[in-house]
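Take a look at these structures.
Paired with chain B in one complex and with chain C in the other, chain A is shared by the two complexes that follow.
Now for the complex of A and B:
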C-alpha cells in the first residue's frame, strides 16, 4: 500500500488488514474531499431510493429537471399492482422560480396532479436549490393535504446537507410519520406477523423472502419499501418483529419503531446460502414456536437439497479466484465476504460508500490478512487496489462496471441494474451463476490474446 | 406502465413535467468537456449531481466516465463555494493530473452565485495546465444547452488569431453537436474523403468509445487538444452542426476571430448530408470524390428498394432538438408522415433570428403537406396523449420511449440520447450516407417485423 499514492486527506479511509500495516479503525461517514472523483450520491438520492418503491404514491420532485430525470424509474423495484411510482414528476423549476421562489409552482403542480392521479399519498422531495431559495415546503404540502384530504409529505432532502445516509434517515422519518399506532390484538393472531425492512424488491427479491417466511408459518405485514402500498405502511405497527436486510437504509426506522411501539428488531441477511439459513433460524427462534422452528429446518433442508449441487459445481469452477467488493452499505459487504467463501473465492478488497464504524469492525474481523479495506473510494483507488491485489472480479454498481471491464476484470452488479434476484437460496445460485459466467467468459481470452502489431 | 395517461388532453397550467424529455445542463457540459484531450470535467456543486451525471453517461456509453466534484457541504452552500473550488483544483492536479480541468456549475453553485473566474484566478495551477469554465444552471435550458455552453466556453477561453489580419488557413472548424462518438468519426471521415483539413471540437471519439486494452486509461487518446482549440481562430470557416448545440460557439468564434460560419442540420439523412458536403465543396472549391458519390448512390438505391415499406406510415419522433429536426426531414424523404414531433429542450430562446424548433419543424411538415403536432419544451406525457389521439405506426426516440411503445404496442426505433437499455449505439453512426443506411435498416426492420408478427397464417410470406 505504501507505493500507492493516496489523495491527501484520504489516508484515514484506507486500511490493509494484517500485522505489518496499520489496523482499523478506518474513518467513515465523513465528507468526501473536495476534488474527488467520488462514487457517492446525495441526500436526495438516498431519500428517493428508499421511498420510491412505495408503489401507489405520487412522487413529485421539487427542483430543476435533472434531479427528477436521473431518478425516474432507475431502480428496478418490481411491483404487483398499479405503478404510479414509475412515472417521473418534476416541478421543473426555471430561472423565474429560482428568483421569485418556487412555492407557487409547487402548489400549482399539486393542484394539477392530485385530482388527476388521486394518489393515496404524495411525497414532495426538495432538492438543493429548493433548500437554498428557502421554499416553505411544509406550508405548501400542508395546504395541499388539507385541500385534498390526502397526506402530502415534504421530504427535506436537499442534496448538500450530507451524504446518501442522511437521505435514508430523512426517508425513514417520513415513513414513520405515516405509521399509525397498532390496532389489532396481536395475541389473537394464529401466525406471527413481522415487517421486512430494507428490501426494495429489486428483481422481485422481497417476494422470494416473503415466500420462505410464508412456508415456515410467518406472515409479512409490510415490506419497507419494496412493492409496498400506503395502506400497508400505515399498519406497520401491527407487527411483533422487524427484520432488517439493508441496515444502512432502515436501521433508523427500526429503532424508531422500537422506541414508539416496542417492536423489537433484528438484523438479517439473505445473501448467500449460509446467511439465508442463519437468518431464517434466527427469526424462527424469536417466535419461540416449536412448529415454526421445525418447519424452518425443513424448509432449509429442502432448499439446500435443491441448490447445493449447483453451488458445489460452481465452487469447483471458481475455487481460488479473487474478488473485490465495492458496494453501498456495510452489511452487504459483510455478507458478500461470506458468500464468496461459499463458492470458494477469497475477497481481497472490500469497500463501501456508506458503511458504518460497526460494519468496518466486523469486516476487519472476518477479512483475511492482506485484504484492503476502504471507505468512499474513488476510481483511481479502486483500480490500483484491484490490480495490486490481483482481483479476478469486482462486485459493484453502475459506475464501476465499465471500470472493471476496461481492466479486463469480470463484474457482477449488486446494485440497481441486476436483472435477476440475488437474495435467498435461489438468489445464491443466481449469484454463483453470474460470478461463474462473467469470470469464465471466453471474452477474456480475446482481451488477453490481442493481435501483436505487425503480425498480420 | 403508463396506465394513467388519459386520452383527453388535460390542461397543464403548472409548467411541471410528467415524464421529462430532457435532462439538465451539467450532463451536456460534462459530455462536451470529455471531448477535450486529457481533460477532467469538474462539477462545481454537491456530490449528488456529479454522481447522477456520471451514471447517466456511463449507462449510455458503457465506458468509465470520469469527473470530479467540489463536494459541497452545508457550509459551502451558505458561505459560497470558492474555497471548495480552489481546494478541488489543487487536489485534482495533484492526484488525477489531467492537462485540463473543465469546470461546470450546477443549480446550487449558480443559485448561491459563485464567481468561478475569480476562484480560478486565485487557484494554484501548475505550469502548462489549464482550467476553464462554463456556467450551466439547469433551471435554464437542458443538457443540450449545457453542451452548447461548454462548447462556447472552449471558444471564449482558447480560440485565438495568430495570423496577420484577414489571413486564414485552409482548414475548417467543425462543431459536431451533441451526437455519439461514432457520428463524430463519421463526420470526420466524410471531411477527410473530401480531402479537407479540419479541427473538430469537441471530439469525444476515442474518449467515450475507447478500445479495450486491459489497462484503465484515465485520459484515453481521443479529444481535441488545447493547441487545436487555440488554432480554431485561424480557420477558413466554421461549420456548426445542429444549431441548438453548436451555433452559439460558431457565433462566438465569428465575433472573436472573424471566422464566418454556416449553421447546418446534423447530417442525418440524405438531404442534410448533401448539404454538409456541399458546404465543404463550396468553401474549398473541391469536388465530391467518387467514393462519396458511390456511397450516396448506394443510399439512393436502398431508398428506392425500400420506399414502399415507409410510404404513408405515421411516425412520432422525440428527443433532442437537433437530431429530431434532422430525423424528421429524413422520415419525410422516405415518404413517412411525422405526425408528432417533440423535444424537451425549450426551443427558440436560443435561436439567433432563426426561429424556434417548432417553426422549423412545422415549416418542413407544411412543405410536405403533413399536418402534425409539434412542440418544444414538452414532456413524454404530452407525446403519449397525442399518440392516444392519433396512433402511429412507429415511434423513434431515446430509451424513455419504450414505455409508450409498450403501452400503445407500437414498433420502436431507439435513436438519440440517452439509450440506457441497448448496447452498441454509440459505436454506430447515424450521420452521413452510411448512417442513413443504418437508419433505414432499423426503421424498415421494425416495421416489417411488426408486419410478420401481426400477419394471419394465410398472409404470412417468406418474401416481403
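Now for the complex of A and C:
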C-alpha cells in the first residue's frame, strides 16, 4: 500500500487488513476531502431516499429545479396501492425567489397541490438554498397543516449541513413524529407483530421478506419505508419488535422507538442465504414460540432445498474469483463479504460511503488478510485498488459501473435504482446469477487486451 | 403496482410549482460543455450532493466514467466563505488528474452565499504561481436556468476566457462549428466525417465525441483523450465563420455572438441539421462560407433520405407528436416532424425564452392543425396537453417514459438524458444519414403501435355488433 499515492487528507481513510488495521482505526463519518471526487451525496439525498417510498405521501421539494429533477422517482421501490410518491413536485425556485424569499411560493404550491391530490400526508424538503435564504419552513408547513387538516411536515435537509447520514436521521425524526402511542389491542393478538425497518422495497424485496415471516407465523405491522402508507406508519408503535435491515438509515429510528415505546430492536440481514437463514432464526428465537421456531426451520429447510442446487452451480463457476465492494452502508458491505464467500468468491477490497465505526470493526474482523478497506473512496482509489488487488468484479452504484467496465472488470449494481430483487433466498439466487452473468460473459474473452491490435 | 391512479392534471399550470420536472439545472449543462475540451476537469463549487447527482445522471446517459470534483462545501464554508475549500479542491484535482484545464462552476449554494469564483481562482493563481489561462470560471447557479442554459453560458465563458486576442491569433480557413448539448458523441463524429469529406478545416466545440464515448482500450487513463484542444480554442477568433446550432434566443448568451462582436467572425445560428430542409440549410451555408459543395457520399445520403421520406410518408402522416425537452432539440424537431407530416400537437420546452416560442410557432404556423406550444414547462402540462391533443408518438429524453406509462403514448428516445436504455451516446440523428435513422425509428414506432393494436381495436369496435 505504501506505493499508492493518496491525496493529502485521505491517508486515514484507507487501510489494509493485517497491516496497520489493529493499531490505526480507519477514519469514517468525516466530511469528504474537497476535490477528491467523492462518491457521496448530501443531506437532502439521505432524507429523500428514506422518505420517498412512503407511497401515498406528497413529496414536495422546496428549492431549485435540479434537486427535484435528479431525485424524481429515483428508487426502484414498488408499491401496492397509491403511487403519488412517483410524481416529482418542486417549487422550482428562481433568482427572484432567492432574493425575496420563497415562502410565498411554497405556500402557493401547497395551496395548489393539497386540494388537487388530497394526500394524507405531505413532506416538504428543504434544499441548500432554502437553508441559506432562511425560509421559515416550519411556519409555512404549520399554516398549511392547519388550513387543510393534514400533516404537512418540514424535512430540514439543506445539503451542506452534513453527510447523507444526517439526512437519514432527519428522515427518521420526521417519521417518528408521525407515529402515535401504541393502542391496547396489542395484547389481544395471537401472532407476534413486528416492524421491518430499513427496506425500501426495491423491486419488491420487502414483499419477499414479509412472505417468509408470514409463513413462519409473524405479521409485519409496517415496513419503513418500502411500500408504506401514512396510516400504517401511524400505527408503528403497535409492534413487539423492530428488525432493521439497512442500519445506516434506520438504526436511529429503532433507538427512538425503543426509548419512547420500549420496543426492542435487532439488526438483521437478508442478503445471502446464510444471513437470511440466520436472521429468520434470530427473529424466531425472539418470539420464544416453539411453533414459530419449528416453522422457521421448516421454511428455511424448504427454501434451502429449493435454492441450494442453483447456488452450488454458480459456486462451481465462480470459485476463486475476486470481488471488490463499494456500497453505501456498512452493514450491506458486511453481508456482501459473507455472501461472496457463499458463492466461492473472496472480497479483496471493501468500502462504504457512510459506514460507521462499528461496521468497520466487523469488516476488519471478517475480511481476509490483505483486503483493502476504504471509507468515502473516489474513482482514482477505486481504480488503483481494483487493479492492484486483481478484482474480477465490482459491486457498486451507477456512477461506478462505467469505471469498472472501462477497466474490463465485471459489475453488479447494488444501488437503489435496481429493477430486480437481491434480498432473501430468491434474491441470493438472483445475486449469484447476476454475478455469474457478468463475470462469465464471453465478451471479456473477446475484448481482452483492448482493441488496439497492430496486426489487424 | 398501479399507475393509473395518478389523475391527469387539470387546469392551467401555475408558476409556483413544477409537477414532474422537464429539465435539470445550470451546472449540469456546464459539466457537459467542459467535458468537450481536451484535458479538462471540472470542479463544482458547492455542496457534495450536486456533483454526485450530476455525475450519476451523466454516467448513466453516456455509460462513461464521469469524474467531477466538488469543493464539498460544509456548514463552516457556507458561513465563513468557501474559498479555502475551493483552493484545496483545485490542489487535489491537479494532483490526482493533472488536467490541462480546470473548469470551475458554481451551484446554488455558492451563488447564494455570494462566492466569487473568478476572484477566488485569480487569488489561487497568484498564490500558487499558475497561469490563469489554465482555468475557466463560470457562475452557474442551479436556479439561474435549465441545463441547456448552463451549457450555453459555460461555452460563452470558455470563449471569453480562452480565445486569444486577434494580435496573438492567426487568421485561418477553419469554420467554427458550435454544437448544442443535444449533439451526441455520434452526432459530433458524423459532423466531423461530413466536414472531412468536404475537405473543410473546422473547429468543433465542444467535442465530446471521444471524451464521452471513448473506445475500450488496453489501458485505462483517468483523463480521456479527445476534446477540442485548447490551442485550437485559442484561435477561434481567427476563423472564417461560426456556425452555431440551436434555437433562437438571447444572443448575448451565445459563444458565437461573442466571437462576432469581439473578433468580427461572421456568425450564423441555425437549427440543428435534423430533417432534409434544415440539413440543406447547413450545406448551403457551408457553400456560402467556403465555396465548397457537399461530398458525393453525402449527396448519396441525401438521396437516400428522400427515398426514405417517400417510403415512409403515409405512415409518418398517421403520427401526431409531442416534442418535449431541450429548446435546441425541440426547435429542430419541430422542423423535422412538420416536414414529414408527422405534425406536432404539443411542443414543450424547458426554455424560459420568448424567442424560442416565437420561432417554433412560426415553423408550425402553416400545418393547418392545432398545436400547443409551451415554454418553461413541466411534465404535468406536457402529459395533459398530449392527451387532450391526441398525440400518438412522443420524441424526447427518458423522463418522457411517463407519457408511455401513464398515457400510452410511445416514446422515441432522443436527447439528454437517456437513462433507461443503453446507447444514448451512440444515437445519431443529425445530417442526412442521422435524420434517416430518426425517420425510420419514428415510422417503425408508429407501425409497431398500429400492428399491435388493430386486431383488438377492430374486434372491440365491430364484433360485438354482429353478435348482438
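Please note the rule applied: the second predicted complex is superposed on the first by the 441 of 456 C-alpha atoms of A that agree within 3 Å, B and C clash if a C-alpha of one lies under 4 Å from a C-alpha of the other, contacts with A are read in each partner's own complex, and residues count from 1 in each chain.
One rule holds for everything that comes next: a residue touches a chain if its C-beta (ideal position, glycine included) is under 8 Å from a C-beta of that chain, and two chains touch if they have at least 3 such contacts.
Predicted, not measured: the structure shown is a model, and the values here were computed from it.
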Side-by-side fit of chain B and chain C on chain A, or clash: clash
Contacts of A:94 with chain B and chain C, given as first, second, both or neither: both
Chain B versus chain C as contact partner of A:287, first or second or both or neither: neither
Contacts of A:80 with chain B and chain C, given as first, second, both or neither: second
First, second, both or neither for A:371, with chain B first and chain C second: neither
Residues of chain A at both interfaces, chain B in one complex, chain C in the other: 7-8, 31-45, 63-72, 82-84, 86-95, 97-98, 105, 108-109, 112-113, 116-117, 127-129, 132-133, 159-163, 379-380, 383, 398-399, 401-403, 405-408, 447, 450
List of chain A residues in touch with chain B within their complex: 5, 7-8, 31-45, 60, 63-72, 82-84, 86-95, 97-98, 105, 108-109, 111-113, 116-117, 127-129, 131-133, 159-163, 379-380, 383, 398-399, 401-403, 405-408, 447-448, 450
Parts of chain A lying in touch with chain C, wherever the complex brings them together: 7-8, 31-45, 63-72, 78-84, 86-95, 97-98, 105, 108-109, 112-113, 116-117, 127-129, 132-133, 159-163, 378-380, 383, 397-399, 401-403, 405-408, 447, 449-452
Chain A contact footprint on chain C (complex, rising order): 1-3, 5-7, 9-10, 14-21, 23-28, 43, 46-50, 52-57, 59-60, 62-75, 77-78, 85-86, 88-93, 95-97, 107-109, 112-113, 141-144, 146, 214-220, 222, 378, 399
Residue numbers on chain B that touch chain A, as the complex places them: 1-4, 6, 10-20, 22-27, 40, 42, 45-56, 58-59, 61-74, 76-77, 84-85, 87-92, 94-96, 106-108, 111-112, 137-140, 142, 210, 212-218, 400
